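Consider the two complexes below, in which chain A is the common component and chain B and chain C are the respective partners.
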Partner chain A sequence: MSLTTDQAALDQWYVLGAVSHFPFGTPVETGLLGEPVTVTRRDDGVTVIGAGRSLPVRTTYNHVWTSFGTPARDIFALPEATEPDRRWLYCGGVRVAASGLRLIENFLDLAHFPYVHTDILGSEEKPEVAKYEVEQRRDVDEIWATKCEFFQPKAAAASDGGQISQYMYRVVSPFNVMLYKTPPTAPNRWDVIALFVQPVDETHSIAHPFMLVIDPTSTDAEIIAFQQMIFLQDKIVLENQRPALLPLQPGRETPTRADLSSVLYRRWLKEKALTFGTEPRTDGVAAGA
Partner chain B sequence: MSSDWTPIALSRDVPDGVTRAVCLEGSELVIWRGAGEAHVWEDRCPHRGMRLSLGFVRDGALNCLYHGWQYGASSSCVRIPAHPDLTVPPTIKANAYPTCEAGGLIWVGKEGAGALPALPATTTPVLSLAVATDGIEAQGLMRDLDGGRLHVFWHRVRPGKVMLHGVIEGSADVSRVAALMRQIRTQYEEGVAA
Partner chain C sequence: MPKLYDYVLSGSCYKVRLMTALLGVTYETQAIDFYPGREHKSPAMLALNPLGQLPVFEDYGLVLRDAQAILCHLANRHDPAGTWLPRDQRFGQVMMWLGFAGGELMAVSAARMVSMLGYPGDLEALRAKGRMAMRVIEDHLSDRQLAGGIWAVGDTPTIADIALFPYVMLSHDAGIGHEDYPAINLWQRQVRRLPGFVGMPGIPDYF
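Entry: the complex of A and B
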């Protein structure tokens, strides 16, 4: 395993974990894009070493971000991070034996709720995915899915009954995504749940869920346990998709109307000519073509 | 013995309503049984590549764990729960292989496979047993027993690993025959022809 040569993958910011999860003074070995990296947290900041050099570091949103390349943009804006009544929760890293792109696509998916998160995020009695809207916002280079609705028996840790949840999804870079969801306790606002994916290599990833939620009643442990339960259910599916790499070649998989966000996400990856974590194509079409 | 057909499991080990993952020459297959009939398909839902062996059998159909897509005995998708009113296009189907059952075994065939070879009409299943070898030449190794005969069939899981499937024709003590199959395994793993 060695550092990818995929320039589109190199020129991105990646999360290696929540800052608070790194011990002071003890270097932590991890991996990114096929290459070992070492993270060291000290009183005066965080350093990341990889491929024999010091890599750029940001600690935006209390996470350690780095890059091997030259990202075209700074880390995305998250206005909710300035709202004082939000709780910031770091759910820890979950290792998944799958392409990080598969993790993002699963995060964008509503249709699996009744089957993978049965009687929690969805019910077999109400599996329908209503029409929603997707768009590529070219000014910020993001993918959005809006007007998503789904019936959820237990939408969050603070739920005491079913609700029709409203969702918006926002893909800010190939390996970073978030959703906005109506909280049970504040129907006029949006909880933010982000999934920062650290692609260790093409078929191994570490998912770092991060939440900015409005929930004055649940304990941190309750909210984190809820999120971890959901993510471990997803892990079972993610590690049993074949191939582990995301196929971009038409005909390899079968999207329906419920998969519009996935269709747009894949088109966006192709436009970027990103190949890291994708299945090699056999139809002679080059990445980005 | 015709090489058009390969035995991949004992019929007994795939009861009604059950899925079973099997690896044949490195390919992942799912065996499932609904309404009494066994089916062998590629272990992959055409929607998102999910392994169908993690799915569930309901109403004689196989349902994918990921999104509940339902496949009937013909392997066509008959229901997409996210779109309850959709008539599913017939082009959406799982990849099914020719399947038959005979001699207490489930067999998968090549496309256009001929007839199965003659097998004992009535058998008693013994067990399936993994063997670390490549070196089994012929299907249908036989050992005469008191009151019956052991037939050993096999499929290759991947290079270096074979799965034996033993059935008894006639009557014999199954636990003693299982011990005999373990002896056969030892002989193969030590490189001695049985």
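Entry: the complex of A and C
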């Protein structure tokens, strides 16, 4: 393993974990894009060393962010982070033997809810994915899927019955995604559930789920347990997907209409010429072409 | 009502959730933030279990720790027919497998914590121990199946099966697949068919 040469992957911000999960003074070894990195938290801030040099660090949204390259943009805006009644929950990193891009794509997928999260995020009696809209917002370079609706028997930790959940998905960078979802306790607002993926190498990732939710009743442990339960249901599926690397070549996987967000996500990755975590193409078309 | 101090990803807590489901015992749960919050090491939880481990189960005024002990308690108090914890010559064998489930087989749990949650530890050494434990179960179940049996002990399911099942099934989280364990695969399908069976994240119902 060594650091990728994929410039599109290098020029991104990546989360290495919630700041509060790093112990003071003790260096923590982890990995990013094929290269070992060392995170050290001190009283005066966080340092990240990788590839023999000090890497840039941000602690935006109480997470440790770093980059090997020169990101074109700063870390995305999250207006909900300023709302005082939101609870910030850091669900802890979970290692998954899969391409980080597969994790993002799974996160965007509504169709698996009834089968993988049976009787929680979906019901086998109501598997239909209603039509939703997708767009590439070029001003912020993000992918959005909006007007998503799904019947959910238990939409969140605070649910005491089924509901039609409204969803919006937002991909802010190739390895960072979030969804907005109607909370059971505040139907006129949006919970924010983010998945920050740390691609350790092409087929190993650490998922860092992060939640900014409106839930005045559940305990932290209940909300975190709900999120971990959902994610671990996905993990076994992610680790068994073949090919392990995300195929971008046409014809390798056949999307349906429910996969519109995935189609746009893959097109966007191609436009960026991102190859890290993708299957090598055999049709002679170069990345980004 | 009985109460389980529970962590959703814990295979040991799942032993209790599965056994209560099979026995039809209703109980309440309190979610404990084991990871990342380490709530099982909090003063309140240490007061319940000085070992700082989950599960903890309260029933009949008792505060019980150790999944295997809790399985014995559940069978003792909630299975008047005594089939889950037979008192005849099978008793010793059931106890033997309970000891193994809480002992050697926990190498799979330790490997899983390193592999999945980034806990410190020698992953390869733990995996090797986990594979040895899986091999012991495979050989035993293979012998049982050659003799026309299916369960770990005797002709009916016992708490030995319930104690063994979770970490055998969660071994994939530790990077130990089931390709080499055909007898385990046959056995686990029977466990899944038990009336009242419930899964957990990583042990889906759809297999």
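The definition used in the following text is that the second predicted complex is superposed on the first by the 289 of 289 C-alpha atoms of A that agree within 3 Å, B and C clash if a C-alpha of one lies under 4 Å from a C-alpha of the other, contacts with A are read in each partner's own complex, and residues count from 1 in each chain.
By our rule, a residue touches a chain if its C-beta (ideal position, glycine included) is under 8 Å from a C-beta of that chain, and two chains touch if they have at least 3 such contacts.
Just so it is clear, the structure is predicted and the values come from calculations on it, not from any experiment.
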{"item": "Comparison of chain B and chain C by chain A residues contacted", "value": "C"}
{"item": "Touching partner for A:21 - first (chain B), second (chain C), both, neither", "value": "second"}
{"item": "First, second, both or neither for A:221, with chain B first and chain C second", "value": "second"}
{"item": "Partner chain(s) touched by A:236 [first = chain B, second = chain C, both, neither]", "value": "both"}
{"item": "First (chain B), second (chain C), both or neither touched by A:115", "value": "both"}
{"item": "Chain B versus chain C as contact partner of A:36, first or second or both or neither", "value": "neither"}
{"item": "Footprint overlap on chain A, where chain B in one structure and chain C in the other make contact", "value": "115-116, 236"}
{"item": "Touching residues on chain A, where the partner in the complex is chain B", "value": "110-112, 114-116, 124, 127-129, 236-237, 240-243, 247, 252-258"}
{"item": "For the chain C and chain A complex, residues of the former touching the latter", "value": "6-9, 30-33, 35-37, 39, 115-118, 172-173, 175, 201-202, 204-206"}
{"item": "Complex interface listing, chain A residues touching chain C", "value": "18, 21, 30, 90-95, 97, 115-116, 118, 206, 219-222, 224-226, 228-233, 235-236, 239"}
{"item": "Residues of chain B that touch chain A when the two form their complex", "value": "28, 43-44, 46-51, 54, 64-68, 80-84, 86, 92"}
